[in-house]
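Each of the next two complexes has chain A plus one other chain: chain B in the first, chain C in the second.
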Partner chain A sequence: MSTIAMDSSSSDRGADNTIEAPGERAPLVLGKHDYGTVTDTICGIAEKAEVPKAWKIAFVASGMAMAVLFAMIGYLFLEGVGVWGVNKPAGWGFAIVNFVFWVGIGHAGTLISAILFLFRQKWRTSINRFAEAMTIFAVMCAGILPAIHVGSVWVIYWVFPYPNQMAMWPNFRSPLLWDVFAVSTYATVSMLFWYMGMIPDLASLRDRAKGRIQRIAYGLASLGWRGSQRHWHRYEVAYMLLAALAAPLVLSVHSVVSFDFAVSQLPGWHTTIFPPYFVVGAVFSGFAMVLMLLLPVRNWFGMKDFITAKHLDNIAKVILVTGSIVGYAYSIELFIAWYSGNHYEVFAFVNRALGPYAFAYWIMVSCNVLAPQLLWSKKIRSNLKALFMIAVLVNVGMWFERYVIVITSLSRDFLPSSWGTYSPTWVDILTLVGSFGLFLHLFLLFVRYMPMMAMAEVKAVMHDTGLVQPKPANAEKAEIATAGVENPAGALLEFTDPDAMREAAGKVRDAGYENWDAYSPFPVHGLDRKMGIKRTKLPFVVFVGGATGLLAGTLLQYATNAVDYPFVTSGKPLSSIPAWIPVSFELTVLLAAFGAFLGMLAMNGLPRFWHPTFTSKRFARVTNDRFFIGINADDPKFDKKQTVTFLAGLGGTHVELLEGE
Partner chain B sequence: MSEVPEQKKGSDPTLKPIFPPWFDRVVKLAGLVAGIGVVYLVVLAVYAGSPETINVGYEPAQPIEYSHRLHVGELGMDCRYCHNTVETAAMAAIPPTQTCMNCHSQIRKESELLIDLQESYTSGKPIPWVRVHDLPDYVYFNHSAHVARGVGCVSCHGRVDQMDVVRQVEPLSMSWCLDCHRNPDEHLRPIDQVTEMDWVPEEIPETLHARLREEYDINPSTSCSTCHR
Partner chain C sequence: MTTATTDPIPAEALKLGSGAQKYMLGFLVLGAGALGVAALLVPFEHFIRSYVTGFAFALSLSLGALFFVILQHLTRSGWSVTVRRLAEVMAGAVLPLALLYIPVILGMQALYPWAGEGSGDFSAGKQAWLSPTFVIVRAGICFGTWILLSRFYLRNSTRQDESGDVDLSRRMQKFSPVAMILYAITVTLFSFDLLMSLDPHWFSTIYGVYYFSGALLSFFAFVILMVFFLKRSGRLAHAVTVEHYHDLGKQLFGYIVFWAYIAFSQYMLIWYANIPEETQWYLLRQQGGWEDFGMLLLIGHFLLPFLILLPRGMKRKPGVLAAISFWVLLMHMIDLHWLIAPVGHGGASHAYFGLTEILCVAGLTALFLAAIVFKLSGVSLIPSKDPRLPESLAFTNH
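The block that comes next holds the complex of A and B.
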């Protein structure tokens, strides 16, 4: 199979890889890239001393905005929530609007990294790391707002169930508590997913770093990853399981956020459409944010070969689809309000469209429903400026959607005598601005110092789709460099091509070696079978974790709310299994995710910061573009001379002996 | 693409492995220490943070060395002689200097211990007694509701008749309040015995408690607004 990127039929399309010929996938990496140039490009961003001027300006500006956020939070703590615009009857204001907005932004990251992964959408590999980082920073912004809006922020830990001198337990039948569990689980699992995906790429940075601090920092962060195939095997299983856990999790999070509203009885909130409507809106705004950040970063750091027109086109299409679903939700809301025959419900929606907050409603409709419809046009989808503008509009619209939902329903409820108005104070507005500062500041730090693209995954896709031409195995004997090692810890054979290594691995196994391994910058598919690696027991660990979470979560709620602290609220039964589902579910996912991540590390024997392979000077390229087979000296068949001769005939390029401890 | 292009930036071949072999043992040890540290912190937070540890035994020095042991234990004065509002008001009154002077204008007039008392009496400046049993401001506790319904002073304040300096003997935590609100029986006694420090029931406790609950209509509430209004 020839490389698609070099095909004449592909190259004459230029940079437009959005049109796919029937039966042929468009390449997802453009330009003449191989494994080494991918590493060079992505690691180069973190290694370069110079950064684009635009990055510096954005970094300073967002830093100042972030400082404003912290100043506003400090002011809030000193003065109390009276500095905000919240008051009777609108007791929820900007804090909740911003919270829902930021949690929603986060959803695109998990959707791209988990759900697109499960659907085998290979185009995600160029943007998933980036989107996952966005998720984490957005969830951080989101987490701050409800935490500071409680008033007595110094006792915020009361929301967690722990034995205390008040002999009280939180009310697990309240959606606000479900929210605590949903958002904190989401933040934790997203972090695990992000970090786990980054370990091989951090190892790439480690192996190229020159400065002492960089070497130690990346060295510690990569946990001694050495690309072992036995590790990759468990790693891939763990990654898939985490994706499978994160997929329902992300759907649950915004559903639970919508319960904060839908479980109450307020007109305009108390509707069953809320969970799907919130989830889709979250994905919609999240993708718009991905696009908004992707376009400048792609420009600044020269990522056009990886974030291609195809990627942008796909994102635009997701925005178009989710935007249309959001539009459908808006119209269904109006229909149901009318169809319900409930005066209060009808009024709530008439009030939204025509009342004092009509401006917000119509900003919402025009930005969220009308603007994305422009994306039907291919011309607009391929116009970067237009895409950026639409992304900005969608984010404005989605922020106003939350404003409309929170404010209109609260400010005019059942009794006209209790009506009021809400307007934000300068503290509210600066807090919102500051939250953008925090988000962007962290994000800019991330793109500068961390591997912002999943190199290992991109390389795996390049290999699997044949973008890198296979090199025939070395017919000659490999170069032997074994002088000077008296008491070796093992022998190492180097390859330049993964397929050559895969063939050689079969021969090593057939020769009867047991204690050996293959090392590669990305998981070489089919290699574990050649090596005779048995399927990992990791899924069982994950199952045990999940079962423990489910059991512990359910017991916790039963013991606290039905037995130890029997307290009737809003007429719900003490033992209320439906009300326990969200928290039990979140704890199931949380412990299962810990099982996947920690189980993977433990079974792989990581972190392990020193390994005989690290004594090889050539082995540093194992996280870049070279492939190795290593036989350990403690293998019963290992014999210094014989093993080296055997390895030299396997089609690799270089054999060496590894020094011991 | 016949040959992989040489790596533009590779690891410096003169560099040694980043971490020496012993580093892994250090990491394991550090992990163990961190694990023990976390357990220690949890234990510390549970024990050191509990009101039993922090609040029980609070025994501030008072401006005048007044002894409850002497006045109550030896002389047999009733609590209500000084804390006279306890049956009818939320607060148990701290006696003004005049209450002390009811006796001390005659007794031990010359004692050195009473110089500050005399001083307060002549100047009219009250004695700055230090409050021992102090509930948070968001708790509405009412003495009369308890004392007038058969809860003895000793239940919350301990054997004041044996203390030279008054000491807090109960944690006064919310769970401690709730313990009694949920199971008030063992703290009930006939109303005329509430100030007795060493009272023991003459009847079988179970029948007495049942009778008193019935008689005084004891039905303590545990809803939030009982104490937090």
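The block that comes next holds the complex of A and C.
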């Protein structure tokens, strides 16, 4: 595949697989790995009793910080929002700054999972699980902040449309309500995506589990996944559809967050480039956070073979690109403020750069636009300490960007009589620190107890890119172990090489068997065609789900805001179709995503916790490094002797009969 | 993984062949004729405004292609190699477009309030920025950049056809980030000057991205049509397969959605905030019949192609893709007309669209095609020795 040495011990970064000659593709997994060692490495982390000391320290420290967050929230509930620095005119203080910051961080996960997937960026497989988890925890942090900001937090459920005695409905023309739908849809779909991706890996943990409790817990969580190729087929289509739904979703979420500001008339908030600019900024900060967490975790758990120099290099490049686009947006904002000739616009930007909050502005510019420019240098991209520092700077810069947007614009209204100043209180600052605690604490738990890398996907990439050399078949005939089974439920043939299994599958089909299946730790591409699996109808289910969401969402808004509770707000007509689009869109994606996930499970007949194949001891390796073809006993052609002889000649290593009930 | 054939592609399938000359002349005559008829048909003020529509249309095809070429090198893309030459040539056809900008300069006074008597109400700085001299200088810089960038990529790529030198790929790759930055700046500035400043009081920070999104989607539509007609005439053979159609279709679909996203973002923010100096731009386009054009764009530029291209199978049917591509190009023309026409010469009071606009768009596109045929006739239709060509030929969608 490549001429690059696969020696991972040469330096701290591992081998340099960032250089690839045009026409060649550098390997994405280094070291001498096969499917089995991937499972061992990743599952090993969750199974080991010992954890690195650094992890323990971080775990305790983040736990304490998290406790501070809950204490601050408790104090806020007791005393009210007055404990924060918010005032008139700066009614949105740290809480909203932090909210936008955390939602932004939460964008990298789904970007890596969905958009890089759609663009067939194979390097994503080593980091997507990790980033998806990060997304979910960041969105949790984000969700808390506006919720506790409302003052009467005990009636926060009023934001949802439900029939009530007050005969009131939420105002769907308000961007703040769009946020409720956007963020909760995003959290839900991200969680689905994360969980669905994890099912095969949870099955790996189940099949390796030593203790009864682990086996039951991982068993329940993996829904009886058995690596069936017929399942993989629908699973892959569902995954692709979820990716296709999540891609516009991820754009919509930060666009909606930007609407919170941009639909207003405030200079510095109202500008049309806000939606794409917010999205890019979110991706920028999200990638920086991925990098910041990836570097230590990679070190603690010995992941250098999987998170290679190329991965870090690519992340650094994404940061450079998005940082430059953010720089483009800053420049266009400045230019148009001048071009518009509007005095308020001009003032807003002069005030940002030279006014009382100039420090925040210059931190923002130097961290977001200037610091990433260092990444042009290959030397810096390959220096781990420098990468870490730049990632930290970017996160600082992006936090200050939100500070600049929220605080400077609010504190300088149109009339000097409504000018004011904002400074945070100790509660504000401790809440920010605490939100990092919550985020990191959950994250540390994740890397410790869950499969932090998408093993099945990494294996599929290793197979597709030819990183695992096929083992030479050592015998013409497979070893036969069928003694003692009187009334079999089926016969099972084992392979060590997926390509051998693919060839054999074609022969099983040609022999006229109907009730049979192939099982593998990852989807073997090209196998579907050999087996004659028809393309699934799942996309249709997803379409129906989406159409239902669109219709229901639009009707909901019409019925509540135009018919049942007609109330004119901010001069918008009762039927405000443009203002309904965000919520209709979110509900479309939400129901379509449910369609993809639940449809996939239903069509696959999952969860199913018992299956004849599970009686085989050897079959436990189907989620690790072995491949099987199984012919069920209820197949009309099944004959105990003949079928076994037939299977034995297909190039596998071992034939057995499955115990019947 | 690979199901594509490894047979060599017949040499004649990779050349335009001897008929090219005829086509080029045909397009030239057609283009010049159409523009001539349009110029005679209506008063100059009307003609020049429609000319800008045609010009912005042809330019967007070329600029979309340039972006595509740079992006493929920036991302070291493999799948797209077999269609990259067509894009390189489209990008290269920006040179005659630079000459076709001259009528816009001649018509500046009729087109742009800032070039005539209306410039008095601006600040001194803005007057200088929007003075004809400075605008022409900027246009010169923009066209100069695009010509240099497109020549760089076309020349190195065709040189590789002969030598097969891998270093040429490295060189194109190495230059791509800088090329991308130059591209972003020039496209933004030029779209502000050419289109946004038709109404010099109005401003929108997303405008550059809006023009860019239209450029990309029309580029993909155009390249799909080019592939379709080349394949119908027996060229490209299995260099471009249904898998490449599928990917081009996905991109077209994606950029249709992207265009809708950008268009909606701009509309939503201005509609919601309702600030008079911004809203007037949309207000103008929501009365006097222009609202029908807006509706047509919503349905024809977004909903219809979106729903048709949504199922996987549709993106794998060349006939369907070509038809949709043609429709998308029509809608792109309507979009530009809707951006350009309502401010001028009575367009504010009543909507219009007619023969002049069609002739101008068709005429400039024909001249653009003549340039493409001219450039394409001397070179291979695919980068035949690109080191990533095998990857592209073997590529399949799962």
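Worth pointing out:
We take it that the second predicted complex is superposed on the first by the 642 of 661 C-alpha atoms of A that agree within 3 Å, B and C clash if a C-alpha of one lies under 4 Å from a C-alpha of the other, contacts with A are read in each partner's own complex, and residues count from 1 in each chain.
In this section, a residue touches a chain if its C-beta (ideal position, glycine included) is under 8 Å from a C-beta of that chain, and two chains touch if they have at least 3 such contacts.
The model shown is predicted, which means the values in this text are computed figures rather than measured ones.
In this superposed model built on chain A, chain B and chain C occupy separate space and fit side by side.
Once the two complexes are overlaid on the shared chain, A:D499 sits clear of chain B and of chain C alike.
In the superposed pair of complexes, A:M168 makes contact with chain B only, with no contact to chain C. In the overlay built on the shared chain, the residue A:Y328 is in contact with chain C alone; chain B does not reach it.
When the shared chain is aligned, no partner comes close enough to touch A:D260: not chain B, not chain C.
In the superposition on chain A, A:D313 makes contact with neither chain B nor chain C.
In the superposition on chain A, A:D305 contacts neither chain B nor chain C. When the two structures are aligned on their common chain, the gap between the nearest CA atoms of chain B and chain C comes to 22 Å. Residue overlap on chain A between the chain B contacts of one complex and the chain C contacts of the other is empty.
Chain A meets chain B in the complex at residues 3, 6, 32, 34-37, 39-40, 43-44, 47, 163-168, 206-210, 215-216, 219, 224, 468-469, 471, 496, 607-610, 614-615, 617, 620-621, 624-625, 661.
Interface residues of chain A, counted against chain C in their complex, comprise 20-24, 120, 236, 248, 251, 255, 259, 262-265, 270-276, 324, 328-329, 332-333, 336, 338-342, 376, 464, 525-526, 539, 543, 571-572, 578-579, 581.
The touching residues of chain B, counted against chain A in their complex, run 1, 4-5, 7-13, 15, 17-21, 23-24, 27, 46, 50-51, 171, 173-176, 178-179.
By the touch criterion given at the top, residues 1, 3, 76, 79, 122-123, 125-126, 129, 166, 169-170, 173, 177, 181, 184, 188, 192, 203-209, 257, 261-262, 264-275, 277, 310-312, 386-388, 390-391, 398 of chain C touch chain A in their complex.
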